[in-house]
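What follows is chain A paired twice: with chain B in the first complex and chain C in the second.
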Partner chain A sequence: MVRLIAAVVRKDLTLTLLRGNGLVQALLLGLLLFFVFSLSQGVGERASPQSAATVFWLSSTFCQVLIFSQIYALEEITNARFGLLLVPAPIQAVWLGKAIAGFCLLLLAQLVFLPAAIVFLGQTVSGALLPALLALLLVDTGMCALGSLIGALAQGQGTRESLMSIVFFPLLVPLLLAGIGVCSQTLGTESPDDADIWLRLACAFDAVFFGAGLLLFGFLYSGDD
Partner chain B sequence: MLKNPVLACILLVAGCFAFACCQWLVYVYAPLEATMGIAQKIFYIHLPLAWWALVSFFVVFLGSICYLLKRSPGFDRLCAAAAELGVLLSGLALVTGALWARKSWGIWWTWDPRLTTTLIMWFVYSGYLVLHGLEMPRQRKTVVCAVLGVVAFLDVPLVFISARIWRSVHPAVFAAGGGGLEPEMKLTVIACVFAFGVFWAGLLLLRMAQLELCARVQALRQGE
Partner chain C sequence: MLELENIAKLYGDKVILRNIRCSFFAGSISLLLGKNGAGKSTLLRIMAGLSRPSAGEARYTDSAARSRGIGYLGHATFLYSGLTALENLRFWSDAWGSNRCDDDLLSVLERVGIMPYAHELAGVFSRGMAQRLNLARVLMLNPVMLLLDEPFTGLDEVSRTVLHKEVRAARARGACVVLISHDAVVDAPLADRILLLADRGLAFDGAPSAYAARACMEDAPWCA
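Now for the complex of A and B:
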């Protein structure tokens, strides 16, 4: 199972990063969001930390939709999905492999989004950095666990990006709140809520959707078209 | 097959009658609330709408699990009917909730766990209905909808907790210490919830019977 997971991760990262389009579409969309939101500020003003954190996670979510749409489309072009289905290993390895590949791609995109938040929205890091890093990893993990499941759900649909968005965004609300809550504290918001409570919520979300992914992916990723 | 519409009609008529009788409890028996006045009466329709919407979504969850285990089309029809009802009732609960919020708190919308959870569920199950209406192979569509039916309900407690951490202003209706309602008000709201439940069951059965007829007509057309 581990070998199949590693093979899926390697294949998806290679195909996504070495192709001409690659991650460019997702990055451009995220950066455009930062630029457009920066227009809401007057000259010399800086966005509130909570607004900046919200734009950061919104960009990440849009980026995530495009990433999972893209990595599940890789097998559709030549019906290579049947090849994966025939591999003598649990099918959940495909879900986990694609989730890990999506996680790596999302982290790469966020490496670009963080400086964009500082430049376009005038932010400075003035709070504790460790909770924000933990929140980033936990929120990304949950987004990828759910994103990999929803990507399989929308697979084969002509309108998969819009379908994924309407299903994915509302389901992600608890994680987005956790991410915004912790990151806005790091960017300087005075909040009575402890970061711990948001981190625990993100852990609970990850656990629930890891379980759901393991149990439900087999129903979605099959040859019954 | 024919039993469902008959039972559905009986339940619908009984529900309508019971809910009409509840209006006497609402406007005559239950006392007028001191600060909100007559506007508080919205509560007696808002609460049954919200509760039966939640029950509808729970039925989608249970029906989806049963479908994934048994692959019986009846469970898919149950889920579709319950999701339609849930979206309709939660939409109406949001509208009545906004009217209540305007009168009670002076705003149309506030970040409250119950309001937020209802809105998020409305979004998710509206997506479910969009998915159910898509043109795709029937077998694939029913499985995809069933998976979404399970995932959507798993998210409900997390949405509720996250919204509660964010901030809350909702009144406690049935709190551990007895809640904030007069006994007459409590009896009235319980009667409204039960009356609306009978109406809800009738609507659910009627819609399931309609969907079954649709499936039969489609099967006959494909056989032509």
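Now for the complex of A and C:
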């Protein structure tokens, strides 16, 4: 199972970063959000930390939807999905491999979004960095666990693809609130909420999405019926 | 190795297959014949576990078939166009946990005659070359169950001979091979057994000699 996970991660990263369009579309969409939001402010005006954190996580979410659509589409061109189904290993390895590949790509995108938030929205880091880093990892983990599951749901089904984000966004709300809560504190918001509460909430939802992925992926990623 | 018990398949109201009962054994080559739309590919996909039968069951009696995987070569190539031929084989080898080194993979490419193109992207391959690479993908895994759906499509005479040789080698090492072909004249000598699908059911299941006799009675062109 570990070998299948490693093979899927290596293949998806190679195809996305070295041989395909890379993250161009996902990055452009995310950056566009920062740019458009920056236009809503007056000249020299600074967006509130909460707004900046919200735009950051919204960009990350849109970016993540595109990433998972892209990496699940890799199997659909020549029906390699059927080849993966025949591998003598638990099929959940594909879900986990794609989640890990998506996690790496999302982190790369966020490396671009972070300076964009500072430049376009005039932010400064004035709070503790460690909780924000933890929140980044925990929220990204949950987003990728769920994104990999819903990417599987959307694969090969053009008509279902439009439903993906509709199903996806409400499920992500608790995780996004956690990310926004912690990151806005790092950017300077005085919040009565302790970051620990948000981090524990993110952990709980990570566990839920991991459990759902392990249980449901086999039903979603199947043959032609 | 594999038992099909009263397999039926429906797409909506349309019956594709009904009441298919037969067994497949290790160390044998079965040739599956039938007209277009007879349900050959559907039956092969059911055997591979890629499609669920509407009724009946496809049961592997040999646990090795499941634990060592099923080699399936269908109409689609399962290749990644953005990876080179060698990278494609490396991916599938790693995914199956077969732990082959690059020299092993290159020797497989040599067997199917595309070693000089090992570092070319699969996306620029012609249909025939992609089919050869697809064949290499299946052969390197040494599966105990080998399901080949019209594997000769797009292959020239030399490749066809190579494939015949590889199919015989698979039988010799104890694999169960099921092969779909439209060219009974050329491929029947390869087989130990012929199955004919017609009228949504199994119209014939027997030795190639018996099938030849029956075909002669019906003035089939390959009787000579």
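Note that the second predicted complex is superposed on the first by the 218 of 225 C-alpha atoms of A that agree within 3 Å, B and C clash if a C-alpha of one lies under 4 Å from a C-alpha of the other, contacts with A are read in each partner's own complex, and residues count from 1 in each chain.
By our rule, contacts are C-beta pairs under 8 Å (C-beta built on N, C-alpha and C of every residue); 3 or more make two chains touch, one makes a residue touch a chain.
On a predicted model such as this, the values are computed, not experimentally measured, just so you know.
Chemist: What does the overlay on chain A give for chain B and chain C, a clash or a fit?
Modeler: After superposition on chain A, which the two structures share, chain B sits beside chain C with no clash.
Chemist: Which partner does A:A212 reach: the first (chain B), the second (chain C), both, or neither?
Modeler: In the superposition, A:A212 touches chain B alone.
Chemist: Between chain B and chain C, whom does A:G83 touch in the aligned arrangement: first, second, both, or neither?
Modeler: After superposing on A, A:G83 lies in contact with chain C but is clear of chain B.
Chemist: Return, as a multiple of 10 degrees, the angle whose vertex is the Cα centre of chain A and whose sides reach the Cα centres of chain B and chain C.
Modeler: 90
Chemist: Touching A:I197, do we find chain B (first), chain C (second), both, or neither?
Modeler: Once the two structures are laid over each other on A, A:I197 reaches chain B alone.
Chemist: Taking the superposition on A as described, I'd like to know which of chain B and chain C A:L220 touches: first, second, both or neither.
Modeler: In the superposition, A:L220 touches chain B alone.
Chemist: Touching A:A178 in the superposition: chain B (first), chain C (second), both, neither?
Modeler: So A:A178 only meets chain B here.
Chemist: Looking at chain B versus chain C in the superposed three-chain picture, what is their shortest Cα distance in Å?
Modeler: Least C-alpha distance after superposition: 5 Å.
Chemist: Would you tell me the residues on chain A in contact with chain B in one complex that are also in contact with chain C in the other?
Modeler: 224-225
Chemist: Within their complex, state which residues of chain A touch chain C.
Modeler: By the definition above, chain A touches chain C via 3-4, 6-8, 10-11, 14-15, 19-20, 74, 77-80, 82-89, 223-225.
Chemist: Enumerate the contact residues on chain C facing chain A in the complex.
Modeler: Interface residues on the chain C side: 45, 48-52, 66-72, 74, 76-83, 87, 91-92, 94-97, 99, 121, 137.
Chemist: Hey, which residues of chain B end up touching chain A in the complex?
Modeler: Residue positions touching the partner: 68, 116, 120, 123-124, 126-128, 130-131, 134, 136-137, 139-140, 143-144, 146-148, 150-152, 154-155, 158-159, 161-163, 165-166.
Chemist: Which residues of chain A touch chain B in their complex?
Modeler: Chain A reaches chain B through residues 146, 149, 153, 156-157, 163, 166-167, 169-171, 173-174, 177-178, 181, 193, 197-198, 201, 204-205, 208-209, 212, 216, 219-220, 224-225.
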